[in-house]
């Protein structure tokens, strides 16, 4: 059984975020991390692998060659193999194009009847939560998102799927795709043993040449050209000024405060 | 005529996915219908809602009252509870038939499951979790004048652009991006709940709203997921680190700690947040230590931090000063908390907080 | 030195582990109760940290001295006492097993120690024999009635983790005719044997939460299969073990100092006096510069020493002493300054530097005082 985990390397937006004058992100100046929700997906995959004989965990990453350092960490956590999908042709992809490429990567590795694909709920750089479901659609397999609990039994998967006001219990068959939230588990750490051994594990790089024969890979379905959405304008919100003392302490003052909050879309 | 997602002229109208859970509409439905109405008026087209469920046509007038011209109702026992498989198949059929230019979905846990699947199948673009929508360029530029640091009037703009301009926060809100989908239709967007303003309910529109019963064709072979149960539960855990809103109390509640905490809790509940506390409040035993913010407590950075009756000792500030927006209420105008606050009110929290609760309820529409 | 990718990954792992698991609630609890916390010990063990430097065939992770050094630095950066939880099995406790145990002993003792299933402690110090290990008064003499047994008598003092220990490595005089450090042998003492008892917990200044007490042996019969290494030659191993222990203590001090610096930088930026953050005063900022420079110098000396231990160069004893001497004295200076920068806030328990100041104090004392290190260093110079 192959257990795939799709992982993204993202800029660390929890700390200081550097923005260039033109309103785009200054990625070069920011530390990169493994997308937090993806670590829950990795843990879900490793937990399942540990329960099942003959299962292996394959990390699937689309990104630049520099993503290797992150992949090494995931192998040091215990993943068995890694696939890095990397190529200039893939650059500038939106979620639609990205899912075409990752789905093609998974198909190229080989998706079998009993296999499962795990993703994180969403990446902290874009917060879209779109790539997981779109990979599932491109692979033609069912999806369950927002998983906070997973049970696997002989090809049948039962998931506690979170809603804002509760949860649903959903059942499906493999192959399927599951997106994971942080409540699902606590990701394990790397181990020193894993760190010492990560470079003995299979590490594949899929470039455009490797994937180009897959029907999902067309000039008009990948990269910037194949992305249905375009950035019209990106910009920074007005800077946080010095604090403002509101006059008075009556109803008018309070109403004024909440009007400001509404205008700023903070509530 | 065959469906061709690149034939832009074949698509017309604004369509909204109306989500129901257990036969009840969601408040995002009304927000989206209200927003959709504005967009439809700008394009001078019809606003339709698409509503899936099992015997849900009774909900039509409620949607009409917020501005929908017509609701496409899809009834089937297999649509009673949401499943990606069934909903995606039925809505794909609806869109193939209706060819809307714009398709809006609430960015709920269900909307964010459904919309990407649909967009991938329909081969079109989807923008996630939008907080602002425009078509008309003049309106868009007005929005940029107040909502960005751009020097709008010194820049060149293509004023005839008629794409839906979907603006959304990125990188944890440090950046905003306006996204368009120029080459494919429908143009799809999920919209953040609570952002769009609900229009006043219009009885005449409610009565005039038309219903189209859609011929649902579901193939059981294609339905791979099954809902075994749906459970409603309120969340009641103190998650200071994960909270988007924290309402914290300090020494200022000393006269009646229980009431002070109850007021903070009520305000937090309305705003979807949790209650925090300064060390003094924890040390006094008025609240448990898992609520504590500051040097010896948690370091937090919520979207909104409201400090009630907290003077702002350096120990406390160390734990909350990186919050995105800080509101402080304190009766001492010289309290250090005001040094880090974005908005400050000098006043008696026993009087100010109840008014804040009312204002928050009004703002949230509850 | 510039760390290789693998060492950088190890540092990241240790740091994530410490920052996540060593919560402020846990640290406060250790301070308040002074008791051993089994829950965190089990987590440390599950993460493989109790066996970082022990070979994989004996249940360890197979890391080298650098892997061990980085662990001590990073764990100590968050908690000096919890670093000791992970340390003993890799250092003083596990060291003698690794160097001297036969295969049977390794399987029996080293494997569970590496996995953190059992706790082994190091019993060298005595009321009359501290730095002068040669003055050992504990004796292990053949049982006149059964030649398969030794009878141990004596008292070991300041033994960290003695109350929790399953086993102790005991140094005892086996040949009373030999003088000084000769005629000493090592034994693995099962703490449950009749005649073994532990003294009362010492009430320490710092590193609370890792109980320390005496081990008292009153006619304890130990089977000869628990003799560790060659008879009468135990002291050589003691010295070899102490080298590794000194490196670990140096790294521990380095981690404490790093934490103190970080706290001082943070506080000096937050604390406003005379209308500006105090870090804008050169009196403060130059103190910070001195602290950072000394820390980095110690770090390089420690890493170099770890590499020397991996390569097993002849100057290892001096280097270990230099690293321990310099890093622990440096860390005391740094913590002093960190408290000073905090002013009154540094003297109250709400701020971490108060604890760091107490925790760091032991580092120039245990595993050989600074003066003993100076003896080793000068001894090598003057021989």
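Labels A, B and C are assigned to the chains in the order they are written; within every chain, residues are numbered from 1.
What we mean here is this: a residue touches a chain if its C-beta (ideal position, glycine included) is under 8 Å from a C-beta of that chain, and two chains touch if they have at least 3 such contacts.
None of the values given here were measured: they were computed from a predicted structure.
S.K.: Which chain has its Cα centroid closest to the overall Cα centroid?
M.R.: Here the chain at the core of the arrangement is A.
S.K.: On a CA-centroid basis, which chain has its centre farthest from chain A's?
M.R.: C
S.K.: Determine the centre-to-centre distance between chain B and chain C, using the mean Cα coordinates as centres, and give it in whole Å.
M.R.: Comparing mean C-alpha positions, chain C is 54 Å from chain B.
S.K.: Could you tell me the distance, in whole angstrom, between the mean C-alpha positions of chain A and chain C?
M.R.: Between these chains, centre-to-centre, one finds 41 Å.
S.K.: What is the distance, in whole Å, between the centres of chain A and chain B, each centre taken as the mean of its C-alpha atoms?
M.R.: Centre-to-centre distance between chain A and chain B: 22 Å.
S.K.: Could you please specify the touching residues of chain B with respect to chain C in the complex?
M.R.: For chain B paired with chain C, touching residues are 279, 289, 295-296, 314-315, 317-318.
S.K.: Give every residue of chain C touching chain A within the complex, in rising order.
M.R.: The contact residues of chain C facing chain A are 5-6, 9-10, 12-13, 16-17, 47-48, 52, 56, 61-63, 67.
S.K.: List the residues on chain C that touch chain B in their complex, please.
M.R.: Residues 24-25, 28, 266, 270-271, 345, 350-351.
S.K.: Please name which positions on chain A make contact with chain C in the complex.
M.R.: 69, 72-73, 76, 189-193, 195-196
S.K.: Please output the residues of chain A touching chain B within their complex, sorted ascending.
M.R.: Contacts found on chain A: 11, 13-14, 17, 19, 23-25, 94-96, 99, 124-134, 136-138, 141-146, 158, 161-173, 176, 227-240, 243-246, 248-251, 253-255, 257-258, 260-267.
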